[in-house]
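After this come two complexes, each holding chain A, first together with chain B and then together with chain C.
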Partner chain A sequence: MEQRLANSLIMTVNEKKFIENALVSDIRVDGRRPFDYRNLTIRFGSEDGSSEVQLGKTQVLAFVTGQLVQPYRDRPNEGTFAIYTEFSPMADPSFEPGRPGDSAIELGRIVDRGLRESRAVDTESLCVIAGKLVWSIRIDLHIIDNGGNLVDAANIAALAALSTFRRPECTIGGEDGQELTVHPPDVREPLPLIMHHFPVAVTFGFIGKENIVVIDPTHYEEEVMGGSLTATLNTNGDVCAIQKAGGDGVLQSVIMQCLRIASVKAGDITSKIKSAVESYNTQRALRKIKRHNPSSAVSNAAKHNEESTQVNTETKSIQQSSDTNTSASTHDVTNIGSPEQQSKTLKDAVKPKHKKRKKSTSNANAS
Partner chain B sequence: MEYVSPEGLRLDGRRPMEMRQLRAELGAVSRADGSAVFEMGNTKVIAAVYGPREVQNRSQQINDKALIRCEYTMANFSTGDRMRKPKGDRRSTEISLVIRQTMEACIMTHLMPRSQIDIFVQVLQADGGTRSACINAATLALADAGIPMCDLVTSCSAGYLNSTPLLDLNYVEDSARGPDVTVGILPKLDKVTLLQMDAKLPMDIFENVMQLATEGCKAVANYIREVLLENTKQLENRRGV
Partner chain C sequence: MEAKPSNLVDQLVVPGDVILDLSNMANQTLKLSGGLRQDGDSICVMKAGKLRFMKPNKYWVESSQKRYVPSAGDNVLGVVVDTKPENFLVDIKGPALAFLPVLSFEGGTRRNIPKFEVGTLLYVSVVSANPGMNPELSCMDVNGKAAEYGVLKEEGYMFESSTGLARSLLSSPPHPVLEGLGKKLSFEIAVGINGRFWVNALQSSTVILVGNAIQKSESLSLVQQKIYLEKLLKSIQL
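Moving on, here comes the complex of A and B:
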């Protein structure tokens, strides 16, 4: 199927024949039945918004990060959302360092289409100031080991990471309602993303002359198969995306049968993701209690004293995040958050010259 | 926004199950081994095929079949707002890959080992359904180049707006962010080789929409067959047979 590279997996004719012949009697090389999914394990990293998915021998890491940016002009009140794929050369001999290859782009597009077009993530809730500031969600997918069926694994990893990602809370205040405060996670609990539904990708391979259908092909089977179909479905039985990019032709009835099987599998996988996320969330809550317990009395007492410094960290984080934003709004922000005398000393200690210059330029721009 | 009026007419005056006008022309590029222009309404695509010829990059040579390469580009002036897009952005890379794999399915590559076939498609005017138009143009160009194929591949899109299945979406309907199903079939074998879908659609409705798109593909196939037959007759006349 794929453009053969010099150092890709080369299988002998005998090996290929063996896989095809075994399938005629409903047996696959790894002992599964044609419609058995491989073992799926989902683990989470120490930080919010990272996940590691293992599907058989395939391993995929996903990281979700958020940043405040200016929205696209045609959608001023929607957050943005992008997927980046990284095919590490250590995962497979045919992955080459440098620019993403065709398969990397296709994978990114399938995952992207499944999540974006079906509106799985509520992008409107990511808007902070319409037309000015929105959250941009970035998903990085790293392929650690290629054991076949990267699309499904990457899609599950992206879903798991998205459902554990939390963005810091933002509030707008001030006289004109344009002043922004980003609250660091230790002041206000960060907010999870709003996920409407979980579009799960399920891939089928069509092998041999009779187009025998197998679910979740391994990389050996991928080498043999004449075509593949990736269906992205959610638990309501909605089809969110389909990709069958050429390859062997199949009958329409076979496609509908695949969709029905996929919808069952999507239900299984969704419940697996949800239970994994739930256990992560309880662990996260427990961790929080442990962290606060020993010094709870102290922290309570010290809270008021700390508040001013906290405010300062808030302003600092804003300065970093809103570099792309107009300088006028940064200037506003520094004015609101902090009490006058304290902030002056601290702020001046950080970077007085830069600040002054910025102020003057912003004033010049305004006038 | 209303995409289907109460009278059952679409924005451009078509009925829900009506296709745009098709036009095809063979031999548009003189230097190419095979070429074609294909129009679906205001969407206009040109395709050129070179090959089978010697493999340019030896390391890519395949010993038991032909190497197929495909490049999809959109002309800067093809869309409403003229802009210079970087060559090889994600979308066009994906479409190149999709067209290549679709064409690979119908070309009898095992007859031409150690050779390569290049397919170039360029969008001259984009008004929705460029993917389908490109595949249809590529099929015609391949047929014009006399490359052995087991069947023609034809493609058509369908959508679902205002709870009505619509055939052959134009740009305005395509950018409504509704479901968009692109189907490519091998009409004689009655098999689906290309199937792409966006947005959310219940499974039973999806089946209807896919069925509609398949019917569209069959209509395109009939038209393409006519064009090819006409072309062959002309060639025959020129030879004076």
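Moving on, here comes the complex of A and C:
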């Protein structure tokens, strides 16, 4: 009981009153105006598909990973797409370890709805063999610090991570046309996901008796506000999703006003994400040039021609170019995510074994 | 015999440093406070920070942190979290909630127990802080007078800071930003050593300006603070 009291945020009467009173004269505690967004910084990790977003004091990490799986039966030629959230008690003592709380589920649902139902990611391009193998994209969102408005920060982090994620290229070949080769990233350049548009979530809070609208509420404002509204829009002005869960009712005209403001903010945020991704991509390209020394570059080029004809040669050529950080990324053929494969050599990965494994995984999925 | 203070005084110390060797010291009393520990014949440091010494014999380690470690005699800002028949439970940013006995007010009797709703902001002093026990607070000074302690006005805003910033706000010479702002603007401020400060003024904008200026000044050097202050004061006049 006492521990729970100590863990939950208890605001003083002074703070609650002050936030409401200050808003009447159009200012907020951190010096912003009601429709100012906090400072947004987007950083990327050393690996593709990881991003770190900082929105004021809020900090969110996103990781995107891909795995080859069997598609859902009703959508045999579409890749799958899932979002997982992780709320650590380090971010906010009110988050309990273990089971996800209401806020964690709501956040996951809002981000999921915005991205999936607006078809922001082209899932059909994730299909490898219709009905048998598709790429399953998983986004992990980690809340590092809760400074309020986790939804927007998590949504931006997910978008940024998705737009830098690259999946290994796959080709189907062999005698029966069913043999699948997953090319390691140093053999063939991995492919980015196809993003149709960027659905950006913008959250509004309604504070006080007069329901004064503020954009991007902080942790403290979230505690005071009577209700909130999250609108997910893209740069074209399409509304992809709206979340208004309980709390104070708002007028239709207010919602329309919010949507107009949100579409402006969504444009700003999208251009920020895009410029951050662009600078990451140029850095990535530069890194690639540095990494190869001339001799290995030649062997890579030679390898490029060979590998499409014979899978076995890959083993050799990869061993040659061991200076090019291959050790982590040499695994071939399906089940990128399965750990037991990592210990085996690439020779194990050629067709016969792979067929067996595929059967066993499909059984596991069926059961 | 007046003992020579440790030669590490006002220096940075880290856990494990031995600041005094008791074996070659004559009979004398030492007072140790936060961050120090007697380990056999030596006085050891338990946390990183600056070693401080006060005559005649008081030693402690000062550092800046987000959490507050209660120690007796500190004046802190607390938030009432719950009311119990004997005590108010008060959050003072420490590892455990602190107890404020309902009778520890000036002239406090069973008849006139004050009523505080959850979220009331209090200026209180820490009476006792022992490991393994909840710290105890009081709204009286040693003479049993209310002095400055008690409920703060239900206006203004409480800002969070590190313990180091709170200490520098209370230090003498006064914090340059606070002093500079005080010359131009009129506002009230109450600083708790537990890393909280409450600002009140006639206008909300003044409160926000003062609070944010103080919070921002923590990461600035003395020279930067002066430049920042000048810029800020100019922007007010416009």
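Assume the second predicted complex is superposed on the first by the 286 of 367 C-alpha atoms of A that agree within 3 Å, B and C clash if a C-alpha of one lies under 4 Å from a C-alpha of the other, contacts with A are read in each partner's own complex, and residues count from 1 in each chain.
Rule of thumb we're sticking to: a contact is a pair of C-beta atoms (placed from the backbone, for glycine too) under 8 Å apart; a residue touches a chain by one contact, two chains touch by 3 or more.
All values reported here derive from a predicted model rather than from experimental measurement.
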Fit-or-clash call for chain B and chain C when the two complexes are aligned on chain A: fit
Partner chain(s) touched by A:I10 [first = chain B, second = chain C, both, neither]: second
Which of chain B and chain C A:N21 touches, first, second, both or neither: second
Which superposed partner A:V111 touches (first chain B, second chain C, both, neither): neither
Broader residue contact with chain A after superposition on the shared chain, chain B or chain C: B
Which of chain B and chain C A:L68 touches, first, second, both or neither: neither
Touched partner set for A:D30, first chain B, second chain C, both or neither: second
Nearest Cα pair across chain B and chain C, whole Å: 8
Shared contact residues on chain A - chain B and chain C: 5-6
Partner chain A, residues of chain B touching it in the complex: 59-60, 62, 67, 90-91, 93-94, 96-105, 177, 181, 184-186, 189-203, 206-207, 210-211, 214
Contact set on chain C toward chain A in their complex: 79, 81-82, 89, 91, 96-97, 117-121, 152-158, 198, 203-205, 207-209, 211-212
Touching residues (chain side chain A, partner chain C) in the complex: 2, 5-6, 10-18, 21-22, 25, 27-31
Chain A residues within the chain B interface of the complex: 1, 3-6, 102, 105-106, 108-109, 113, 117-119, 226-227, 229, 233-234, 236-252, 255-256, 259-260, 263
